[in-house]
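Same chain, two partners: chain A is paired with chain B first, then with chain C.
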Partner chain A sequence: MRLPRRLLSAVPSLIGIVILTFVLTRLLPGDPAAYFAGPAATPESIEEVRVQLGLDKSIFAQFVDYISALSRLDLGRSLSSGQTVVDDLTARLPATLELTVSALLLAAILGIALGFGAALRPGRWPDRLCDAVTVFGQAMPTFFLGLLLVYVFYYKLEWAPAPMGRLEIFYSSPTEVTGFWTIDTLLEGDIGAFQGVIRQLILPVITLALFGLGPIASMTRTSLLQVLGGDSVRTARAFGLSSRKVLWTYAFLPAAVPILNTIGMVLSFLLGANVLVEKVFGWPGVGAYAIEALLVSDFAPVQGFVLLMAVTYVVVNLCIDLLAAAIDPRARTDG
Partner chain B sequence: MTPDWTKNLVEARNLNIRFGSTPVVDDISLDLPKGRITALVGESGSGKSLVAHSIAGILTPAARLEADRLSFAGVDLRDTKSPGWRDLRGRQIAIIFQNPRAALSPVRRVGQQIGDVIARHRGLKGAELSRAVVEALGAVGIVDPEARQNAYTGELSGGMCQRVMIALALACNPRLLIADEPTTGLDNTTQAAILDLVVDQIRARDMSCLLITHDLALAREYADDICVMHAGQIVEKADSARIFTASQHPYTHALLKASASQADSIASLEPIKGSLPDLNGPLPACRFANRCPRAEERCHSAKPPVSGPDTARVNCWNPLP
Partner chain C sequence: MAENTATLPAVRRTHRMPLSKRLPLVFLALLVFAGVFGPLLAPYDPTATNSSEALSPPSLAHWFGTDQLGRDVFSRTLAATRTDLLVGAVAVSISLVLGTMIGALAGWRGGRMDVVLGRFVDSIMAFPLFVLAVGIAAGLGNSLTSVIVATAIVNLPFYARAVRFEVARRRNAGWVEAALLARIPPVKIVTFHILPNLVALLATQSSLNMGWAILNAAGLSFIGLGIRPPEAEWGIMVADGASYIFSGEWWVFTFPGLALMSAVLIFTRAGDALRQLLDPRSK
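Up next, the complex of A and B:
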C-alpha cells in the first residue's frame, strides 16, 4: 500500500528534472550547431547541421524529440570522446560510486560513533572533537582540502601514491564484475592490486568523508541527546533493562530518522563535491567527465551528468524515506 | 544484598535532594508498609516526583541525593549501580507516569516493550514470552490483546497508553507500584476507570502503592494513608479518613478548604495564601511559616517537631487541636 504511493510521489520530481535539464541545455551559451559543424564551417553547413540535430524545429517539437530520445535512453553523443553519453557514463559511474559510497560509509560510521560518544559524555573529549570536526568541515572547501592532502601526503611526505586515478599503471586493472575495484581485485585474488586500489582511494575518500563527517556527527549527537533525556529512556531504565538494550533499542532507534535524513543530505552534497574532488585526484568518474566536457562546451555529457545525478538524488531520497518508515512508525505519515 | 520481605517495603530517613545549592527535598522521612496504598499529596513543585524518582532510581544526574537511609525491603537504594538494586527495578518496583505516551517508546510495538521487561526479569522466550505479553495486556482490561500488542503508541488513545503502561508495570508482579499522577491529562471517565483498575490490581495482587496526586479528594477515595508535602517537606501523614475529619497541620487544613469537593459552596472556597517559597532564597525552618496563619517565631528558626502516633503524624510547632 505504502510503497507504491511513495514511488508515485517521486514521479513529479523526475518530471521536473527532465524539464529542467532540457531548459538548461537551451540556456547554455553558444550555438551547438556551430560547434558540431566545426571551425571551418560555412553558414550553409551550420544550417545543415542544425536541421540534422533538429534544432530548427519549434521548442515544443524539440522537447518531444528530447523526450522520445530519453525514453530510448539516448542522451546523445559526446563530441570529445565520440562515444554515446550513455556508454561514457556507464563506463565511469562505478568509479564515482566506489568513491562516493566509500566516503559515505566512512563518514557515517565515524560520524555516528563520534556523535554517540559526544552524547554519552557531553562536555568531554568526544564532544569537543565532534564540535571541532563540524566547524572544520564547514570551513574547509572540499577541493582545497583535497589539494592540501595531496600536497602534504604525496608531495611532501610521499606517503600517498600519485593522485592519478584508481590504480597505479604498473598494476593491471581487474576485470569488471561489480565495477568496484576493491571488490573486483579481491574476486581475482590479486591482493597487490587490492592494496593498490585502497592506497589510491584513501586520500579522495578522506577528503569527501571529512566533509560529511561533521553534519552526521552533530545530528547523531543532537538527536541522541534528545531521546536520552526523554521519558521513554527513563522508563526503560526504571524497568531495569540492560544498558545495551536501553542504548540501542530505546535511544538509538527513535533517534535514527534524523540521522538517516542527514546521511541522505550528505550524499547529495557528495554527489556535487565529487566533480571537483575527482578532478583533483584524476579520478576517472562521471564528475571529472562532466567538468571536462563543460570546459570544451560539449553539452550532451553535461546534460547527461545532471540528469544522472538528479535521478540518483531522487532515488537515494526515496530509499532513505522507505528505510525511515521501516524503522520509525512516526515517519509513515503518508501511509 | 537480598531483599528481606519482613521489613517495610520502603524506608526513607532524612532524605534530601538538592540541585546545586538549592535544597529541593528537605529531610523527608517516609515508610511505605506492605499492602497499603499511600498517597503523596501536594501542590505542583512540592517535590513529589523527585521523591518517586529517588525510589525508582531515575533521579536526573543533576540531582544530589543524601539520606540516612533509603531502602527497599532492606536493600539500599542509594547505590543505584549495585546489581542487587538493578534486579529490583521493574521486577519489584515499578513506576507509571503522568504522560504514558511519552513514557513508552514510539518506535517499538507495545507488546515488544512489555516483552523486553518480561524477558529481562522472568527470563521467558519465544511462545512463552508472547503468551505472557498477551496475558499482561489482558490483565489490564485491554480488549483483543492479541491484536493490540502490535500497536505503536501513536495508534492508541491516551487512556489506552496508560493501560499499556500499567500492563508493563504489573507484568512482573512487583511488590510496589509508584503511580506519579497517572491520570492527569485524561478525561474524567477515563481517569476513574484507570484509577479503579490500578487499585483493583494492587488489592488483587497484594501489592503496595505510592499514589502521587495533587488532588486530596482523589487521594481520600483511593488511598489508605495520605502524606502531605509542602515545598519539599512532609507536613502531615495520617489515615486518609482522619485527614479529612481531623487534619492537624495548617497547610493540610488550607488545602482542604481550597479543594472544591470539600467546600459546601463556591463562596466557602478559600485559596491558599501566597505561593510556594522560592527555594533558592533564604528559607524558614518550616517552609510553610510565611504562609501560615498560626506561625510563631520558632517556626522560622527551628525545625518543627514530629508528634502523634503513626496513624496521625504531624510536623508542626503549633498544630490544630
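Up next, the complex of A and C:
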C-alpha cells in the first residue's frame, strides 16, 4: 500500500522533466528546419526537412510525437556517431555511474566521519576542519581542483597515471558484465587490470568527492548536534546506557534521515559536476559524450543526456525516500 | 522614535561584529573594485599577444607569467573579473526579478496558480542543475546570452520558493485585509508592503547566489559554451591553460582558477556575513 504511493509521488517530477526537455528541443532560435537542412539548402529542401522532422505539425502534435518516441525509447540519432542516442548512452552510462557512485560513497563516508567528529567536539579542531572543508568544497570549481590534482600527482610527483580514460592502453579492457570495470576485472581474475582501473579512478573520484563532502559533513554535524541535545539522548544517558549504545542507537539513527536526504541532494551536484570532471580526466562517460556532441551542434545526444540524468536523479531520490522510511518510522507518515 | 529603536540594535551589532566576520565584506568591496576598474588597472593590454614572450614563468615583469600567445596572465585575470562579475550579476538579477514575480504570484493567488507555478519550479529542481544549464545553453544556441539565461533559470527556484512562502504567510494578515478594504490594488500591497520585508532575505540569497552563478557560468565556458576565446574569462583561461599542464606550465591555469575560487568564496562568505548583519534571529 505504502510502496505504490511512494512510487506515484515521483510521477509529477517525471512529467515535469518530460515537458521541460521537450521545451528545450524547441528553444533553438530561428528555423530549426533551415538549420538542419544546412547552409546550401533551397526553400524546397528546407520544406522537406520540416516535414521529415515533423515540424510542420502543430506544437501539440509535435509533443505527442515526442511522447510516443520516448515510450519506444527512441531518443533520435546522433549525427556525429551515426548510432542511436540510446545505444550511445547505454554504452557510456556505466563509466559515468562507476565514477559518480564511487565518489558519492567516498563523500558520504568522509562527510559522515567529519560531521561526527565535529558534533562530538564542537568548537575544537574537528569542528574547524569540518567548517573549512565545507567552505572550500563549496567555492572550489571542480574542474580547477581536478586540474590541480593532475598537475601535482601526475606531472610533478608522477604518482597518478595519465588522466586519459578508464584504463591505460597496455591493459586489455575487461569484457563488460556489470559495466563497472572494478567489478568486471575482478570477475576475470585480472588483478593487474583491476589495480589499473583503481589508479585511474582515484583522482577523478577525489575531485568529485571533495565537492560533495561539504553538505554531507555539515548536515551530519547539525543533525547529530540536535539529537544529542534532545530528550531521548538525555534519558538514555540517565538510564546508564553505554555511550556507544547511546551514540549509535539513540543519536545516529534518528539523525540518519536528514543525512540521507542530503546525500540525495549531493548526488544531483555530482551528476552535474561529472560533466566537468569527465572532460578534465578524458573519462568516456555520458557527460563527455554530450559535450562533444554539443560543440558540433548535434543536439539529440545532449537532450538524451539531460533526460537520462534527470530520470537517474529522480529514481535515486525515490530509493532514498524508501530507505529513509525503512530506517525511521517518523519519515513514513508524510507522503 | 519607533524607527530609532528599531535600527539601534542593528547598528550596535555592526560594531560588535568581529573582524573575521566583517572581512568578507571588505574583500567583497575589493572584488567589486577590481571588477569596475580592473581593465584600467591592468599593466598590459589583456588581449595583446607577444610571441617572443610566450609561456614565460611568473617574473617581476609578468607577475602571473604569460600564456601560449605571450599575453600577460595577471592582466587577463584582472580584466576577466569584470566579465565574470557582470555575467553573474545579470544572471542573478534575472532570477531575482523573475523568481520574485513567480513566488509573489503563487503566494498571493494561491489555489490553482500556486499549484501550476509550484510544479514548474519543482520541475526545474528535479534536474541536476548544472546538467539543466548545459541543456538550456544547448537549446538556446552557443552564445553568451544563453549562458546567462541558463544560469538565471537554474537559480530561479530559490527566490520563487522563498518569496512564495513569505508572501503566503502574510497573505491573510489583518493589515493586508485592511489594505484590501481600503481599495489598495494587490500589486501595490505586494510590491510596497510585503516585499520590502523580504529585502534582507533576498540580499543574503543574492550574495550566495552570485557565487553559484559565477561558478556555473565559468563551468559552462570551461566546456566551450558562451564566451569566445580572445575575451578574458576565468573559465576559458583555465580551459586554455589545461593543455599546458603536461609540459609543466602551471601558471597559465592556476591563477585564473584561484581568482575564480576566491570570487566564489568571497560571495558565499559575504552572504553569511550579510545574514548575520541583517537578520537579528540568526545567532
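Please note the rule applied: the second predicted complex is superposed on the first by the 319 of 335 C-alpha atoms of A that agree within 3 Å, B and C clash if a C-alpha of one lies under 4 Å from a C-alpha of the other, contacts with A are read in each partner's own complex, and residues count from 1 in each chain.
Heads up, the rule we're going with is that a contact is a pair of C-beta atoms (placed from the backbone, for glycine too) under 8 Å apart; a residue touches a chain by one contact, two chains touch by 3 or more.
Being a predicted model, the structure only gives us computed values, none of them experimental.
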Superposed on chain A, are chain B and chain C clashing or fitting side by side? fit
With both complexes overlaid on chain A, does A:F153 touch chain B (first), chain C (second), both or neither? neither
With chain A at the vertex, the Cα centres of chain B and chain C span an angle in degrees (to nearest 10) of 80
First (chain B), second (chain C), both or neither: which does A:F63 touch? neither
Which partner does A:F144 reach: the first (chain B), the second (chain C), both, or neither? second
Chain A residues touched by each partner, larger count belonging to chain B or chain C: C
Please state the minimum Cα-Cα separation between chain B and chain C in the superposed model, rounded to the nearest whole Å. 20
Overlap of chain C and chain B interfaces on chain A (superposed complexes): none
Okay, in this complex, where on chain C does chain A touch? 119-120, 122-124, 126-136, 138-142, 211, 215, 218-219, 222-225, 235, 238-239, 241-242, 245-246, 248, 250, 253-254, 257, 260-262, 264-265, 268-269
Over in the complex, which chain B residues touch chain A? Could you list them? 56-58, 86-91, 94-95, 97, 99, 102-108, 116-117, 120-121, 152, 154-155, 168
Complex contacts: residues of chain A adjacent to chain B: 230-232, 234-242, 245, 249-250, 253-254, 327-330
Okay, in this complex, where on chain A does chain C touch? 12-13, 16-17, 19-21, 23-29, 135-136, 138-144, 147-148, 150-151, 155, 267-273, 275-276, 279-280, 290-291, 294-295, 297, 299, 302-303, 305-306, 309-310, 313-314
